[in-house]
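We call the chains A, B, C and D, going by the order they appear; numbering starts again at 1 in every chain.
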Amino acid sequence: MSETFWKTSLSSVEENKILIRGYRVQDLMDRCSFGDVVYLTFKGELPRGREGRILEMIFVSSTDHSLLAPSIDATRFAASGGTPLQAAVAAGVIALGEHHGGAIEQCSKLLQESIAASRGVSEIVRSFKERRQRIPGMGHPIHTRDPRTLELVAKAHEWSLAGPHLALAEGIAAELKLPLNIDGAISGIISDMGIPWQYGKAFFIIPRVVGLSAHAVEEVTRERPFRAVDMKDVTYDGPAERDVQ
Amino acid sequence: MSETFWKTSLSSVEENKILIRGYRVQDLMDRCSFGDVVYLTFKGELPRGREGRILEMIFVSSTDHSLLAPSIDATRFAASGGTPLQAAVAAGVIALGEHHGGAIEQCSKLLQESIAASRGVSEIVRSFKERRQRIPGMGHPIHTRDPRTLELVAKAHEWSLAGPHLALAEGIAAELKLPLNIDGAISGIISDMGIPWQYGKAFFIIPRVVGLSAHAVEEVTRERPFRAVDMKDVTYDGPAERDVQ
Amino acid sequence: MSETFWKTSLSSVEENKILIRGYRVQDLMDRCSFGDVVYLTFKGELPRGREGRILEMIFVSSTDHSLLAPSIDATRFAASGGTPLQAAVAAGVIALGEHHGGAIEQCSKLLQESIAASRGVSEIVRSFKERRQRIPGMGHPIHTRDPRTLELVAKAHEWSLAGPHLALAEGIAAELKLPLNIDGAISGIISDMGIPWQYGKAFFIIPRVVGLSAHAVEEVTRERPFRAVDMKDVTYDGPAERDVQ
Amino acid sequence: MSETFWKTSLSSVEENKILIRGYRVQDLMDRCSFGDVVYLTFKGELPRGREGRILEMIFVSSTDHSLLAPSIDATRFAASGGTPLQAAVAAGVIALGEHHGGAIEQCSKLLQESIAASRGVSEIVRSFKERRQRIPGMGHPIHTRDPRTLELVAKAHEWSLAGPHLALAEGIAAELKLPLNIDGAISGIISDMGIPWQYGKAFFIIPRVVGLSAHAVEEVTRERPFRAVDMKDVTYDGPAERDVQ
């Protein structure tokens, strides 16, 4: 028997019928929040508690971080080159790599694998110290008491959404005497929801495209095309002028 | 007086304080939905009615459309090449061009410029016919009665969010004897909210990154790397084998 | 009779045989320059004169332009976020839009359509003036006598590769009393080769990925991750801090 | 003393003067091939032997591989969405990940680190077997005697460009009784040139943008917009239609 080229469990489409994980899209529009539907898409089932609400909080926490985020700068330079909105946004999405939101994937993986293997705080901290690596999700270059993290962790506890993964993340932070950062808090919460770590970066991509879109429009509508760095902000440390022999 | 290289009205960041359009991010997390904050980001003010709720409906309507959407296929091919999640998602975002969600930008522009210039249905239809162009936002290749559009337009009327732009879009569709499509419905609604057309594609990008993320993870976790087209699905119609002279 | 999903005239692949426009790839490797093969790919036939050589000159002219190019900045920010080389390069490629290399497409289109319609310098200049638009390919913000343009135009004449399209471009520049810029020179030359304007941007993309790759590697190997703009280089002109009501 | 935000050793730009690694761009245009200038950009010096020529061969070998390459498919889907050429090309570039050209980076790293540490064939093969990993650069799903590899390796030997890295790659292939693939051959050759492995993927990105550009133009000029997969080519294996409770 031959197989089709494509296979998916996520959605199906026929004339006048779109099903997301089996649910009619119009029913979801009528009854669910965006957060609920993200949960459904990634987990396969609708939430039973306030999971959708805390996902909305996660998304609200991460829409923008001004020009301090390399993703925003990448999008603004791309927009200034004269590219359509979606392409300028994509340039910023690309920048959401290992050092920029990527910690959600890394930290979720660490938490999920550690809980699965019954590894605790001290074992984890020791193993990273031996490898001289930083533990993802801990500490922030600017925010010593990140208001996003505090709000998120408080609500996770209040709404009974905090479980062993968030506890482990908080334990590691306490051991390191570093604040849990926004990536670490998100990692603990989505891991306690049972969302596989492979989805980790999505929780940053989804909200950040809001800020990227707004910055791209602001660049195009308020600034001149072709944003040019001033040469006095560039140090050239290559060879002096020379002749081709 | 010298100007700074960057300027933004969208957000500000200092130690332990992130403001989005002036609001502390933790207050927004506590009090607002994701839809509210998208409205705030693009408009500059928080909504006074159910605008945030209808934006959530718009986002729920457009997270996924199975493999029928070129964006999803682009992301799955990119993911199969072995690229991180955010880069695979970006490949799909790029595909959201003039023919794929782009109608929201085009149709919003048409509606906003037409209302501003007091141009009505018959003038618009005549002008597109003369130029032999299709009017954006009208008709769909698969859905004759798109459940997403019906739900969205119904709620816009019920919640008093339907104004002259949506009426104009509905009028054009009626004149053409075509269904208003999902792009056209979104265009009418966001235009009645006063959101500039330049943001149009964002209303498709924001939800679609959910589906793109899920398809990328599904590709990587369920399929073998390097998705290869079967050569029997390719017709080659170039020159036959030949020698370099 | 059913059609296959894919169709191409560009290349064919079977076991141990790769044909580019009918030529065995190993023969092309043995006998042709990269410039020759770009010409072959876009035109369908190998060059008969020095077209491949002047394409190599075009490529050499446009590999890099330091941090002055938004594409380079976009790639460096993306690389600093911790994304693999190809994704960082892609962020820069995206930036090669209407205002950044895009003039090759626009100017080639103008030259090809004008020659086809027998429109001359004065008619073209008048029509752009009436629409208050800038003619693509003319003038440069930094280079009043761009050494790249001078070299390229000189060789096109010397090698009998200059025809009516380049003459038209030079005529427009003379009429405007502006230097022909590098985009305009490339446009004239590729148009005289009979390369359709739709390929225009490719002549900038191909060489620029060299510079983008080198800047991405330099960023990753010489700089700390997460390139952060200093907040003193950002002016915030949005609302002051306020409470959610 | 304050540092500038940007620093580069690659190029410098001032009015009417562009230097690439110190050389005036017009001199490079006049005297060097594209392959020479890629070598210069990545290594910092112009080649002394036939390095530039073999780089041109590498580039000619890898411009296109028909629809069999996920990068090409990603670009064609993106182009069909109605996005400009550079953005469609970028979607394909993104796909050049770990499983699609990425072996050049991996294999170059392996060869360079092994030579530096005096590790030989048997030690390398044993270590990969123990970790149950495939050695990058070995074997090909279609080509048992890849004409590109044969041509490239032959010329490297003929032109005295083959050194210990290529020998190591050939030794590993012989030990595994697998053909050295095109990625492995390129890795050996660029490593023997002293090009750091971090540049590895660039040797695939640079030529592949030629094929990506041509496929994007072919898609846009020969096909209808919005390339739609036929639903009969999609298997849906998610939940059956159900009600939101």
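Everything that follows uses one rule, which is that a residue touches a chain if its C-beta (ideal position, glycine included) is under 8 Å from a C-beta of that chain, and two chains touch if they have at least 3 such contacts.
Quick caveat, the model's predicted, so the values are computed rather than measured.
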item: Joint neighbours of subunit D and subunit B, given as chain labels; value: A, C
item: When subunit C is superposed on subunit D by its C-alpha atoms, the rotation angle in degrees, nearest 5; value: 180
item: Candidate from B-C, C-D or A-C with the same interface as B-D, over half of contact pairs in common; value: A-C
item: Proportion of interface numbers common to subunit A and subunit B (over half same, under half different); value: same
item: Cα-centroid distance, subunit A relative to subunit B, in whole angstrom; value: 20
item: Euclidean distance of C-alpha centroids - subunit A vs subunit D, Å; value: 29
item: Subunit A and subunit C: spacing of chain centres that average the CA atoms, whole Å; value: 33
item: Numbers and ranges of subunit D residues touching at least 2 other chains; value: 5-14, 24, 28, 30, 32, 66-68, 83-84, 86-87, 90-91, 94-98, 101-102, 229, 231, 233-234, 236
item: Contact graph of the chains (line, ring, star, complete, other); value: complete
item: Subunit D residues within the subunit B interface of the complex; value: 66-68, 70-71, 73-74, 77-78, 80-84, 87-88, 90-92, 94-102, 141, 225-229, 231, 233-234, 236
item: Touch list for subunit B against partner subunit C, complex; value: 3-14, 19, 21-24, 27-28, 30-32, 44, 46, 83-84, 86-87, 90, 94, 229, 231-245
item: List of subunit D residues in touch with subunit C within their complex; value: 5-18, 20, 24-26, 28-30, 32-35, 37-38, 41-42, 56-57, 59-61, 63-68, 76, 84-87, 89-91, 93-98, 101-102, 105, 142-148, 150-152, 196, 198-202, 205-207, 209-211, 213-215, 217-218, 220-223, 229-230, 233
